[in-house]
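Letters A, B and C name the chains as they come in the text, with residue numbers starting at 1 for each one.
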Amino acid sequence: MRALHRSILYPAVATLVALAGGCNRAAGTGTTGRPRVALVMKTLNNPFFIDMQRGAEKAAKDLDVDLVVQAADRETDVERQMQIVENLIQAHVGALALTPSGSREVVPVVGKANAAKIPVVIVDTRLDQKAATDAGVKTASFVGSDNYRGGQIIGEYLVKVANGRAKVAILEGIPGHETGDSRVRGFKDAIKGSPGVTIVASQPANWERDQGFNVFQNILQAHADIDTVFACNDIMALGAIEAISAAGKAGQIRVLGFDAIDDARRAITDGKMTATVAQYPDEMGRAAIEAAVKAMKGEAVPADIGVRIGLITKENAARDSDKK
Amino acid sequence: MRHRLSASGRRLGTLAGLFGLGVLLWALTPHFLTVSNLLNVLEQTSINAVIAAGMTFVIISAGIDLSVGSLVAVAGVVLASTLHAGMPITIALAASLAVGFAFGLLNGLAITWGRLPPFIATLGMMSIARGCALLFTEGRPVSGFDPAFRSIATARLLGIPAPVFVTIAVYLMAHFVLAETRFGRYVYSMGGNEEATRLSGVNVRLHKTLVYGVSGLASAVAAVLLTARLNSAQPIAGIMYELDAIAATVIGGTSLMGGEGGLGGTIIGALIMGVLRNGLNLLGVSSFVQQIVIGLVIVFAVLIDTVLKARKG
Amino acid sequence: MTDMSQPAPLLQMRGICKQFPGVRALDEVAFELQRGEVHVLLGENGAGKSTLMRVLSGACARDAGEILIDGRPVALHSPRDAQALGISTIYQEFNLVPHLSAAANIFLGREPLVGAGIINRGKLLADATSLLRGLGTTIDPGVRVKHLSVAEQQMVEVAKALSLDARILIMDEPTSALTESEIDELFSAIGRLTKRGVAVIYISHRMEELARVGHRATVMRDGRYIATRPLPCPIPTLVRLMANRDITQHFPTPTRRRGAPLLHVEGISHPPRLHDVSFTLHRGEILGVAGLLGAGRTELARAIAGADVPTAGRVVLEGRPLRVRAPSDAIRAGIGLVPEDRKRHGFVPGQSVAANLALPQLRRLARAGVVDRRRERALATRWIEELRIKTPDASARVLTLSGGNQQKVVLGKWLAAGSDVLIVDEPTRGIDVAAKMEIYQLLDRLAADGAGILMISSELPEILGMSDRVLVMHQGRVQAVLDAHEATQERVLQAALGLAS
């Protein structure tokens, strides 16, 4: 009886899976005969990556290729991302675009893709140079914006609007992430020349909104005199905005973010946020797929494909929103 | 003999579920039933399977261990730092296993001597161990090891990845301990009726503490595999691994009430989860749908047990 | 209805059948209950009493047969139907929420309200008080149930049933956990109920109390109706009906002979239930321990066996003082405890008979930590044969066995471990007549082989029939030690009540 129940149930569930899979546009085993490329992102619970997916899908349509989009449940789960890439290698995708969840940790699986002769385009977060060289892995291209430059841009903007006097708290991403580290470095280098701009606290909030809220709330408890917060992504900045209004300090603290997601643009328009750096993830997604398809066809691809970057303030928050 | 049949019958049912899933995936995608993909699934399943082996001990003893994911992180960063300090691999492995075992024992002590419910004690440890890993590394991953160490994950014997052998070894050993040794008997007895076991002269405190030590040890073995696989030990590794391990264990038919179950079921449970994830990737199913499907499988597997038990009376 | 001078009985059950896989649990059973009657239901374990009552309370669907109340057939298919018909059951294990007050328990789910969801505390307490007073008890309805004694909790259960307008009250072994004086109170409460027209179906294994409370007794055997007799009725007659054979002798003729002193217990204490208890147990002796509930008998057993660590006193085994800090110390010294609550303390239900028998001595059965399955198997086979444990085989799980056979497994654990001193706490509780006899014979044989047995029992006949000496406890102390020839029911009861003889 038991055996019967289980053996009936699992296939039933799996059938459901198959149906769900059938509904998914990206599914398929190459039955269409078109070449298939994959985009593996960190997670899907960040609008940044949703925008990236949108750009990638548009490019895939234009280039007439099948696109598979996959991501781990959590941005921190490198091992799961590694599994996804391994599985896609098994599914013989023609090329792979990957936003690494860990700049060192994904190196081995890029090596596996090399061995399977599947070209890999790295998107948004660079591979750790040393780890990649040591392992001898090759990537077709890197597509992304210069995070260090972005950090610099927003730092320079702060020096200008604050007239050289500010007490700053930084909300970092996940420690050891190349992306966040570069943004912080750029920001710090930009304010180096202004002794009046001091960093009084710098804490990781792991890219997440709730943690941005909590961490900044705690920072406010310890440093009531803070007048600026720089969050390494907009999600954390939005969390910080909530913490500010909860503390009754709305309008008294400058909020600087990164990524220019829609919610952040709206917050800037509404005057709740000061500035952010536009990253254009949809362009990243498009460029990544274009590069991947070229690499798949054996065409030459530039090793570094820069995606534009720009400062978003109240002046251009609505106007610059050209991605819709 | 009926009782015997029902226990192994359940395992056969789970096995049939795994087989049915395999047949379905075979029908749906040509990429599933290939030697390289099956080896790939086995390799991917190894980490969860090893953690779940330890979890099986804990759950049979009527406990729960929520700290395994954090213990993976602690054991991993200790391993990595020891290697980076230039120690030989054997020393680093020993240090990492010892740390996993020791943290596990601390769980056990909090439960037996501190009389904390396992849920609370290991919930605390989940945070404590995670904090230790972050503190120890200042939040940064420790990466880059020499190929000899990495071969734990990368080596192939007869084309089969090394982690698969590690997993098989862990299960053979764990099964032997659970089925053939005094300690294994006590694990079942404590889970089935702790007071009767104590009154039979068994040192329940000691053996229960050891159960959590075993779970910590299994987490450390998983940490070795993970670190070798990623060529990096992250202090944020293993977040929510406890849930996958618990899921594999209960899908395998081990009762959360304790006293029943076994490793044969757990390995099948882990494989079901691994095959399911692999298949969903191969089919290109959206990440969101994947989460729903995995959740449904866990709930249905346990639901069937509950329904069957209720009907049995 | 048709004949006004002879109203229909309150309850009639006719031709009730129930088939379980492999067993015909009820076979054309009939049962009848009059208003204001206490009707005793008798039968050995497995005779079908419980199943019949489960059918009546809607917990179990019948395959055939009809149920009539006031002469009219009723639809009774769920516990809800039964409740609506005024049928309430008080199980051996109470269905009370320990953290709620007596009043809150009585009206659980039917609390009188003032407004939307707000409980009318005044009315709740007043109603509960009047229900409890109606039963003749003085329980404060505001006290949390966990602070009440077992007897008081039972009264709360009865009050709860009455609050549901129960006309038929099913009581399953209501006196099994009560002291003599509490039983008197229960019986007087039952008397009050029957005066009001409530009918009680009373299930008990205690033959001696039946005539005190019951009007009629119906005997069941093997799922069938056997006979109904007015009470009082000679107990041997009822027993013959139950067992279909003459049980002339309730207890085996002793074959044992008292030998040298084995165990000295000196001034052992474990407050608040155990104070300064001393006695000596000899080889070849069964020392009965009598006393009312709460007299400290179980505490004494647990203190000697190391289940609890005594605060004072010492235990000397064959001249050697023992240091008992844990059960393992006592076991190593050869002291085995067959606990009062088998299910909770005696065995591991999900484990096999073999594993349970081997549990206390896995150390001996294991080499380098690895259990020697052959030796374990041999041990199990030996004791299954020796104790005539009825089990399909050694790998059957203990939970699948009957109560008597479960008890034999618990006894077997200690016999297999070669215990010299066996402490048996309520060895025959909830066990059918035939199995009881086997346990008695077993205890006698063990004593004859040189073991010393401390037998705690709440059944006076068992104490008197089995003991070579009787130790009577009262409020945690030894009140009297009587030799078999001087131990009469009266003298033991007097001592247990704390009266000087």
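The working rule: contacts are C-beta pairs under 8 Å (C-beta built on N, C-alpha and C of every residue); 3 or more make two chains touch, one makes a residue touch a chain.
Remember, predicted model here, so these are calculated numbers, not experimental data.
> Quick check: more C-beta contact pairs at B-C or at A-B?
Most contacts of the two pairs: A-B.
> Please identify the chain lying most centrally, where each chain is represented by the average of its Cα atoms.
Of all chains shown, the one whose C-alpha centroid lies nearest the global centroid is B.
> Go ahead and note the Å separation of the Cα centroids belonging to chain A and chain C.
68
> Roughly how far is chain B from chain C, going centre to centre by Cα mean, in whole Å?
One centre to the other, that is 43 Å.
> Based only on mean CA positions, could you tell me how far chain A sits from chain B in angstrom?
31
> Could you pull out the residues of chain C that touch at least 2 other chains?
Within chain C, no residue touches at least two other chains.
> For chain A, which residues are shared contacts with two or more other chains?
none
> Where on chain A does chain B make contact in their complex?
Residue positions touching the partner: 1-7, 9-11, 13-18, 20-21, 24, 26-29, 44, 68-74, 76-79, 82-84, 86-92, 102, 104-105, 107-108, 128, 130-131, 134-135, 174-176, 204, 206.
> Provide the residue numbers of chain C that touch chain B in the complex, in ascending order.
305, 307, 326-328, 330-332, 337, 339, 344-351, 355, 358-360, 362-363, 365-366, 369-371, 373, 392-393, 395-397, 400, 413
> In the complex of these two chains, what residues of chain B are touching chain C?
Spelled out, the residues of chain B in touch with chain C are 1-4, 180-186, 188-189, 192-193, 195-203, 259-260.
> Along chain B, where are the residues that touch chain A in the complex?
Listed in rising order, the residues of chain B that touch chain A are 6, 9-10, 12-14, 16-21, 23-25, 28-31, 34, 36-37, 40, 43-44, 47, 134, 138-141, 143-144, 150, 153-154, 226, 229-232, 234-237, 239-240, 272, 276-289, 291-293, 296-297, 300-301, 304, 308.
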